[in-house]
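Handing you this structure, nothing more for now.
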Amino acid sequence: MPSCTITRRVHFNAAHRLHNPAESDAWNRATFGPCNNPNYHGHNYELEVTVEGPISEQTGMILDMKELKGIIQKEILDRVDHKSLNADVPFLDGRIPTAEVLAVAFWEILEGKIPAGELNEVRVHETGRNAAIVRR
Amino acid sequence: MPSCTITRRVHFNAAHRLHNPAESDAWNRATFGPCNNPNYHGHNYELEVTVEGPISEQTGMILDMKELKGIIQKEILDRVDHKSLNADVPFLDGRIPTAEVLAVAFWEILEGKIPAGELNEVRVHETGRNAAIVRR
Amino acid sequence: MPSCTITRRVHFNAAHRLHNPAESDAWNRATFGPCNNPNYHGHNYELEVTVEGPISEQTGMILDMKELKGIIQKEILDRVDHKSLNADVPFLDGRIPTAEVLAVAFWEILEGKIPAGELNEVRVHETGRNAAIVRR
Amino acid sequence: MPSCTITRRVHFNAAHRLHNPAESDAWNRATFGPCNNPNYHGHNYELEVTVEGPISEQTGMILDMKELKGIIQKEILDRVDHKSLNADVPFLDGRIPTAEVLAVAFWEILEGKIPAGELNEVRVHETGRNAAIVRR
Amino acid sequence: MPSCTITRRVHFNAAHRLHNPAESDAWNRATFGPCNNPNYHGHNYELEVTVEGPISEQTGMILDMKELKGIIQKEILDRVDHKSLNADVPFLDGRIPTAEVLAVAFWEILEGKIPAGELNEVRVHETGRNAAIVRR
Amino acid sequence: MPSCTITRRVHFNAAHRLHNPAESDAWNRATFGPCNNPNYHGHNYELEVTVEGPISEQTGMILDMKELKGIIQKEILDRVDHKSLNADVPFLDGRIPTAEVLAVAFWEILEGKIPAGELNEVRVHETGRNAAIVRR
């Protein structure tokens, strides 16, 4: 039988700024362009979390979508929604909050928190045009 | 050369209820919450079917999208669209109609019906936020 | 100065059946087609509620979106989400739950409940292709 | 003949914070909730600008969409995209950057800049769920 | 009671070229830019047709969505879908097929064909960013 | 650590016709149906390009999205946007411009042009319902 996964999609709104403090201001402006704006800009992020595993005979589910939603809410959304990703999120301290870095950071947090099946993919849409994906 | 697939997306509207008759009403209410409502609720389902295979020199196609659409129409949509997934669909009898169970059931039906290439993925979107995927 | 409105969009999942008990079964089948299926079908409804009014100098708002969301939640969503629109919703008793009838019923309920400004439009999307709109 | 309008949709990414400096911090937190976060949050805004007017026999157009796009780019997007709406946008100084206030401010700027026809509507989508509209 | 409308959304795929044969090639290239390409370009058009009228007590409908869909199919889609709007559509002969001109032409055709209620709005989306609207 | 990819989504508008000149007109009409229309039809194509690679410590990026966007613009969009895919695009000469053929052709062009990481997937959406995907 082929493998089965479920995906839950959530959203959050956050400010961010791309800036590497180890480099000069000129380097940061040249590298990150308008994303380096000191007073931030922001996004409506969409986050998709995918879990792979066997389907329970008793429930017809890999993992209850409501339970998965609750885990994402507690582990991720409560810590990033309506925040500055640079100033307000301890688990991002010292990291440049690109979509790639967010996807990796969310993977690291969620990987140990899935109660049935295992984390398969984390997808972060920064806009409708830009996304980063971490896959097992 | 890397592999190539095509995907056709269709939609159907159906009622469903999550309920396991082998368990008590209390267990069902606790497990499925509002999805256990006796008089059903429903969804605008989106179904994506992906086929992998070589591209024909003569047509430039793996499989004609119109032919794939016709197969999905006959094998799936004619049996689930504007139906109750619990009461009106023989191939779901005795199964709890979660997104996962639908994706597996659709895979089982479609796998033997693809005339060129082979079935690669079945994706069932229950809402814009919840999906289940079966992949080879 | 031109007028200003705000719109809040929410969603709910419900089952329904189009059936007029004053008419024969044959008439109902001929008139409503697959929407007359006795065991229901269902939709992911999207509901948009628009309020017109002056913008407060103190808040920059016509009406707080969170407050509007709370009113829609209490007055509409708590009564229709994960329900059968035919069997579980007292304010729809004796009415055929088309998109038009839902839009009118929601307008009647919401009109007296807007604490600032006045109700301007209620839009009910039954699918991505079908909608009904009530406008002042 | 009925009237005709054209609509151009564009997007921008910005940070903002809802805060009224004439009120206490406690009032601001109670009124704006997480939208009052001192380090900002942000959005992918969608802006729709509608122009009404007669259709030119020579071009088949009310106003060239590319020209309309250019006006919006110069008058609005160059001043708000990848910015903080509180700190970086002179025409918003002293105003609370809600969706309503943005829609009014954009209307005021664009109204005098439309070279053919007249401005008919400005719509600002803060998220897929929240919008403000100014109409003539 | 406020007025009620229904909207049906359909789509079609067509090629077009913006070109005014009464003007020089140089004028056409300068005015229409890449849209003047002699070998055409094309779009996935979305067409929304809105009808206003009283709601029938017997059906709960202004007009059956399936009937409205059938009228749009016969009067519009069968004549424009998978066509060149310049070369294959008699009712567009001698007209420049901009979104504005399409919206007006569709209005003219549909206005006399609505069997219950009256035509209220025709909206033509050329892309997700560009639309034209004719309203009563 | 799991692998990471980034995806950039762009769009273009083009005309095309499905026709194999090595076959008879009757065969072409029977095989391609309305897609064989001699005067073309067209689409709003969406193109998604995915790149896999290590994340730079210095930038937090696999590859700058702006740089990826520029490569797609120069290598693909400047050659296909507002064109006929049959008549105006040298790299498609002698090929039938289906979604599958476009995805393969874009892969061939982009594969050697990615300055960091490697091309992982090319996805071509012909409509919201039809797509072709080439994956490594």
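Read from first to last, the chains carry the letters A, B, C, D, E and F; within each, the first residue is number 1.
Keep this in mind: a contact is a pair of C-beta atoms (placed from the backbone, for glycine too) under 8 Å apart; a residue touches a chain by one contact, two chains touch by 3 or more.
Quantities reported herein were computed from a predicted structural model and do not represent experimental measurements.
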Shared touching partners of chain C and chain F are B, E
Graph distance between chain B and chain E, where chains that touch are linked
2
For the interface formed by B-C, which of the candidate pairs E-F, A-F or C-E is equivalent, sharing more than half of the contact pairs by residue number?
E-F
Copies chain A and chain F touch; is their interface built from the same residue numbers (over half shared) or different ones?
different
Higher number of C-beta pairs in contact (E-F or C-D) found for E-F
Farthest-lying chain, centroid of Cα atoms versus that of chain B:
D
Tell me which chain's centre, taken as the mean of its C-alpha atoms, is farthest from chain A.
E
Starting from the mean Cα coordinates of chain B and chain F, work out the distance between those two points in Å.
28
Between chain A and chain E, centroid-to-centroid distance (C-alpha), Å:
41
What are the residues of chain D that contact at least two other chains?
128
Considering every pair of chains, which are in touch?
A-B, A-D, A-F, B-C, B-F, C-D, C-E, D-E, E-F
Footprint of chain E on chain D - complex, ascending:
1-10, 50, 55, 58-62, 64-66
Quick check on the complex: what are the chain F residues that touch chain B?
18, 20, 22-23, 31-33, 95-101, 103-104, 107, 128-136
Would you pull the chain E residues touching chain F in the complex into a rising list?
11, 13-16, 34-35, 37, 39-44, 81-84, 86-88, 127-128
